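Pasting a structure here, questions to come.
Order of writing sets the labels: A, B, C, D and E. Residues in every chain begin at 1.
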Amino acid sequence: MRKLLQRPKAPGLEPGTLVHVGERKPQEPRATVLRYGDGRVEERAIDLCEGCPVIEAGAGITWISVTGIADQDVLERLGECFGLHRLVLEDIMNADQRVKVDDFGDYLYVVVKAIEWREAEQEIGSEQISIVLGPHFVISLQEADPDCFAPLRERLIAGKARALEMGADFLAYALLDLIVDRYFVALEKLGDEVELMEDDLIEDPSPELLQSIHRVKREMIFLRKSTWPLREVVGALERRETPLITHAVAPYLRDLYDHTVQVIDSIEALRDLTAGMLDIYLSSVSNRLNVVMKLLAVIGAVFMPLTFIVGVYGMNFQLMPELGWRWGYPVVLTAMAGIAGWMLCAFRRRGWL
Amino acid sequence: MRKLLQRPKAPGLEPGTLVHVGERKPQEPRATVLRYGDGRVEERAIDLCEGCPVIEAGAGITWISVTGIADQDVLERLGECFGLHRLVLEDIMNADQRVKVDDFGDYLYVVVKAIEWREAEQEIGSEQISIVLGPHFVISLQEADPDCFAPLRERLIAGKARALEMGADFLAYALLDLIVDRYFVALEKLGDEVELMEDDLIEDPSPELLQSIHRVKREMIFLRKSTWPLREVVGALERRETPLITHAVAPYLRDLYDHTVQVIDSIEALRDLTAGMLDIYLSSVSNRLNVVMKLLAVIGAVFMPLTFIVGVYGMNFQLMPELGWRWGYPVVLTAMAGIAGWMLCAFRRRGWL
Amino acid sequence: MRKLLQRPKAPGLEPGTLVHVGERKPQEPRATVLRYGDGRVEERAIDLCEGCPVIEAGAGITWISVTGIADQDVLERLGECFGLHRLVLEDIMNADQRVKVDDFGDYLYVVVKAIEWREAEQEIGSEQISIVLGPHFVISLQEADPDCFAPLRERLIAGKARALEMGADFLAYALLDLIVDRYFVALEKLGDEVELMEDDLIEDPSPELLQSIHRVKREMIFLRKSTWPLREVVGALERRETPLITHAVAPYLRDLYDHTVQVIDSIEALRDLTAGMLDIYLSSVSNRLNVVMKLLAVIGAVFMPLTFIVGVYGMNFQLMPELGWRWGYPVVLTAMAGIAGWMLCAFRRRGWL
Amino acid sequence: MRKLLQRPKAPGLEPGTLVHVGERKPQEPRATVLRYGDGRVEERAIDLCEGCPVIEAGAGITWISVTGIADQDVLERLGECFGLHRLVLEDIMNADQRVKVDDFGDYLYVVVKAIEWREAEQEIGSEQISIVLGPHFVISLQEADPDCFAPLRERLIAGKARALEMGADFLAYALLDLIVDRYFVALEKLGDEVELMEDDLIEDPSPELLQSIHRVKREMIFLRKSTWPLREVVGALERRETPLITHAVAPYLRDLYDHTVQVIDSIEALRDLTAGMLDIYLSSVSNRLNVVMKLLAVIGAVFMPLTFIVGVYGMNFQLMPELGWRWGYPVVLTAMAGIAGWMLCAFRRRGWL
Amino acid sequence: MRKLLQRPKAPGLEPGTLVHVGERKPQEPRATVLRYGDGRVEERAIDLCEGCPVIEAGAGITWISVTGIADQDVLERLGECFGLHRLVLEDIMNADQRVKVDDFGDYLYVVVKAIEWREAEQEIGSEQISIVLGPHFVISLQEADPDCFAPLRERLIAGKARALEMGADFLAYALLDLIVDRYFVALEKLGDEVELMEDDLIEDPSPELLQSIHRVKREMIFLRKSTWPLREVVGALERRETPLITHAVAPYLRDLYDHTVQVIDSIEALRDLTAGMLDIYLSSVSNRLNVVMKLLAVIGAVFMPLTFIVGVYGMNFQLMPELGWRWGYPVVLTAMAGIAGWMLCAFRRRGWL
């Protein structure tokens, strides 16, 4: 239930109070600064407790990547350095935010859910990632340390990323692009699972399959909850209502928007498919019940009359002439075989056998 | 049914007639005035029958909190003091209002439902709260006396609330914020219940579970009815179409709006989950029926032929050569054991056992 | 079916042809004129066949209330007096109109359905009411004579109605307000019925309950058909796109709008509730089927083996050593008791008993 | 299936190629011209192969009514005379168009479906009607010759139609009005059928009823496909975005719009009703299954124990003391009667009998 | 599952990286250039590896048709020649795009899915087609080589196509028109299949039918995913927000838009139809179960009492007077026949036989 319900703050607390909310054990905050521009790329780890990472205008783009968001002091210092609103700090510390983008004039604050397919649990895991986009910097904050952004980091350090020639808005776009890419991986896994379920649906409608259908439905509900607002977020960025997003990034954001729409289309298609599966399951179970009942009816229809007949000749009346007849027994046996045969033929003609 | 249906006024009455409508026994009206500004905070109980609580402009913010709304005289005096429209007074006295915000130019009139989880009845209770926001004052009115606003009051008196530095609009926001916080608590409880139901769904689909599903659905319908208009209310406030809402409160209202959207998202997610549960329940029950019928079919298929065979040798024909055979009895017993064994094998192969 | 389908005019007729359409037997047209203003209130019955009720501008407000709409001549005279469009006259004579408001510049033409709970038939009855709002007059026309407007008339004559101080638009509002009030009464009755159904749903899912569910669904469909356009009508009036609606009536119309929204909310909530009830009914019936089948399976599982055993010892083989044993009979009896007991234990452990 | 699927043109053909598409056998094209204005009305049949019917401006209104649309030459000549776009001609020849209105500046092209209730097949038939509205003329084209427009023609010739005093736009409106009128007739028939189905639903849920429900659903789907775009068409005309529609026709088009909305409302109401019927049918069938199973269970529960008991005393043990007792037989008979009676009482108390 | 899920790019890759994605084995790129204008039409195959097909302005329209999109070099050269954005090249190489239109100012980039009915697999196949529309040229790119565009090519070479007299925008329209035509063919096939299913639905609800229903539902989901965005694409082109689309093509695009709407209408109609089929299937299966159970109940009700009676007279009590009666045996036989007859009559009266 945790994944479907979220509590953005502790009830009754002053708005803007910095309290960590999240399921995971809070990690020590760690931060790296990656600065590039004028052909130079430089990366170093910094200690957020020490002081503010200086950001000089004109000196290229700075990407501050923070892991571990549970330390109130660190966040307050970060807030002072970059002039972030208290509510932004509160939202960053809380891992149960809704996916959204807030425009504070000087900077954009974006919250998204990065999902990943957890092979071990065979389910979709998710992590909240906050991105702050300023004129010359991008801050990315997350609870734990997945390797979500590793490909971009490597390309930047190798000096081969397109981001090197563009502004901070492209960097923010590139981060979102990596996050959206993950959705396709998770969807493919879910799709495989649905396909397995489809095979069993009519052949073998077991209670386990029912459990699987319910589980997949749950994952769908969770995915929908994350992706519909994600589309809104990317759509809002693409409409470029803020000067922080430049013209050059527009086609990339449009491309990203298409991708999120594609994610949603796929989720909806899977959802439609799974929705119908329960009805088919029920029909399938009813079909099987029909098979069982037909067998029972056939057995009953064949043996009840026969048992009655042998019962008749098991009666102890003193005057039952048939009992003394020479061919009585074989005649009765033959008659019964005839009745049974006729019954079976009738059932076969009806298609019950 | 009471909770789902509401009757905003007695039929046929003149519009603007002050009549108390509500399920609870009306309480004596009690009021406290909390005034703050220039670093001073002052709280005192007042007697609404005596006269008007004077509100001097420029003298800080005044929060009048009224409990008990069934006394017509008190409300009329309040209406005169603050220049409230007769329809507002009628709405305040009626605990079955729709959640809404009305802009009367000089003041805003907001009606919301504060919900709480009633541990004893294991259900969601709700209370209507009216909030009147003027330029320098906020009036909150409610039927009974829940401790919904206690945290804010304590922070104000302790001189630690952010509201102390801001206007009346922030105070109104802070009240709404406390109300919305409650929804998350109730949702979490409902979520726990749904999770319990999910465990039983396939393992033990009992009629009690059916009852629970229906009850939870009912609660969902009630919650939806309260929260969708709540979102509209907060959204209307956030769009700041009135000078009563200042620029400084905008990010807070946006934050609150996000929270209401999150409440709605969670309700919809739970609703989707519960909606599918009935189908799974039915499938589960059908599965069990299948198990029962298979057992019956197996028993019938094994014992009906055997009973027929023993019936045959119970017949009283004088000429039944087998009866006289030395090995007749053991041969028949063995044959029957063979038939039974073969049947059981066949059923096991089909997976019925 | 009649209530759900409506035929606004006879097919193939010239548009604007005055033909009475309706299920009820047409009544003699009767009319009363109620004129008020300058502190005077005056009511008298008039004969519409005689001539036009004169309406002098500035002489206060005139409310002409007509019952019986089947007489073509009367309607034509009325149309001439007040300059009504032929299509309006056609619509007035036809009791199967859609709820709507038409703005003809000089006057507004409003059609609504007044519903009432018919205690005898335990169902919702409806009557069409046409309201024509001009600058200084209101004409209300209806098929039969329900006491829908009686409270207002009495208040007006008693000189205590707020309408006395306001314009014709307030009078029209007051009429609509009385009509909307009726919806809450009918909804409450429906709600009581649904509540009764809920009690039986899991305890006693009878075919009669099925009939009730279907009947309530039908009533819901009918109510939705009337109330959704009613909301549009009141919303259109509230937006005051015509000078016929003055500023002073705006808060009242907003209040009325809130009431219609509340009616719709309640209908939708009931609808959601009833929609789920059929699924629960089906699950409930399946549960009961399960109970029946379990009983049958238990009886079969207990008695079929026993009957087989006694059949074995009823066989007439000459050489059946057990038959001659001294303790044969008691041993078999005991063995059968043991088998039966073991079976019952097994079933009880499975929870089937 | 034909009725639900439509193919607007042969695949791969050049757009604008005139090919007749339709299910019916193409008819010889026949045309009549009806001209009126200045108090004169004149009707005559013309031969479209001969030449263009001359339309002088200012000489009143001309209504050309064409039946049989499969002749390419005739249509091309018509297209030349009135300056129609090639795509319009293509659409006219194709009886599988979507209901729509196209504004070509000089003229409007409207396609609608005229439906009729076919008493013989007990189903709804439909025919496509194209209407071209120019400044002084209206052309109506249809595949076969239903008497859809007969009432208008007769009124025109009799000199009693309102159309005589108005422009070509009113004539087009009058044609559409006649077409929409037909929908009410068909709906009433469908409604009667649904009502019949409702009666059987709980009393007698037969497979034939299932067939009927499916058939009615199909008709609904077809009707929705025709009427929703019809509403758009009439709505577009009513908004008068073209000078071809004059102010005087506006109230008539609004009236017509109301009628189409009413058609849609009725279809949706019937649809809601039918949608619920399948669920009730299934519940009803399950109820009946329950009745059957209860009977079987009662019979089994009564006779299986009794048969076991008589089996016991049919055993051939030499030492069965009861067999020799004087009152053994009557005691056993009485005991069995007691057991049966007790069972029946128990079942009656449970409400199974 | 493949058809429902799409992955627009490999995760983690730099945006704009040219990587081929698709299920089919990549083909050698082949290209033909078709140039027409001033009455001349010229077609030749070109080698894309060699160089740029020169496009002189004013020299008519050039249609470059490329098959095989897996070669990165070829695409990069194409991109340079026509100044295409890197993201366009990436999208072209990826056969899993969403249907869309992107406006890059100088050119439009359109992605659509061409579907075809694969007779062998009895399913709908689809291929992605990219269309780039510039001021004087159209480039169409596709994975493999279906004969989708053959009719247009032949008409162009034969000099009979309307496209010869119009601009590049008409050529692009003509390509889209051919693609949309294919949808009608596939829909007709699906419609035939649904019709076959309808016949079996109530007569013979087999598990194979269930499989068919599920398969058709899947195809519907896939079709919806392709056609709804297709409508958006054609609608966007029709609104002519770019100078690349001229006024002369507008009616053709409107016609095309109508066709896509018609495709969607038909899909939705089929979907509605299929949606109801599962419910009817389930009802049908329940009906059959009822038939089986009734038979079983009748057999049980007839033979269980009879078997009990013969059991009674099979008991071995020494004192059973009836056994010695002369007419005992015939009386019992007659009584049993009477009971059986009465039972059968009772069941026939209930309609169970």
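Note that a residue touches a chain if its C-beta (ideal position, glycine included) is under 8 Å from a C-beta of that chain, and two chains touch if they have at least 3 such contacts.
On a predicted model such as this, the values are computed, not experimentally measured, just so you know.
Visitor: Determine the set of chains touching chain B that also touch chain D.
Guide: Chains touching both chain B and chain D: C.
Visitor: When you check each chain against chain D and chain E, which touch both of them?
Guide: Expected: no chain.
Visitor: Between copies chain C and chain D, are the contact residues mostly the same numbers or mostly different, with half as the line?
Guide: Comparing the two copies, chain C and chain D contact each other through largely different residue numbers, since under half are shared.
Visitor: Roughly how far is chain A from chain E, going centre to centre by Cα mean, in whole Å?
Guide: Chain centroid spacing, chain A to chain E, equals 26 Å.
Visitor: Measure off the straight-line distance from the CA centroid of chain C to the CA centroid of chain E, and report it in whole Å.
Guide: Distance between chain centres: 42 Å.
Visitor: Which residues does chain D have that touch at least 2 chains other than itself?
Guide: 279, 282, 286, 289, 293, 296, 300, 304, 307, 311, 314-316, 320
Visitor: Touch graph across the chains, line, ring, star, complete or other?
Guide: ring
Visitor: Mind sorting the chains in ring order for me, with chain A at the start and chain E directly after?
Guide: Chains encountered around the ring, chain A first and chain E next: A, E, D, C, B.
Visitor: Quick one: in the complex, what on chain C touches chain D?
Guide: 1, 4-9, 11-16, 85, 87, 91, 97-98, 100, 102, 104, 205, 207, 210-211, 213-214, 217-218, 221-222, 225, 278-279, 281-282, 285-286, 288-289, 292-293, 295-296, 299-300, 303-304, 306-307, 310-311, 313-316, 320, 322-324, 326, 328-329, 332-333
Visitor: Could you pull out which chain A residues touch chain E in their complex?
Guide: 151, 155, 160-162, 174, 177-178, 181-182, 184-185, 187-188, 191-192, 194-195, 198, 201-202, 251-252, 254-255, 258-259, 261-262, 265-266, 269-270, 272-273, 276-277, 279-280, 282-284, 286-287, 289-290, 293-294, 296-297, 300-301, 304-305, 307-308, 311-312, 314-320, 352
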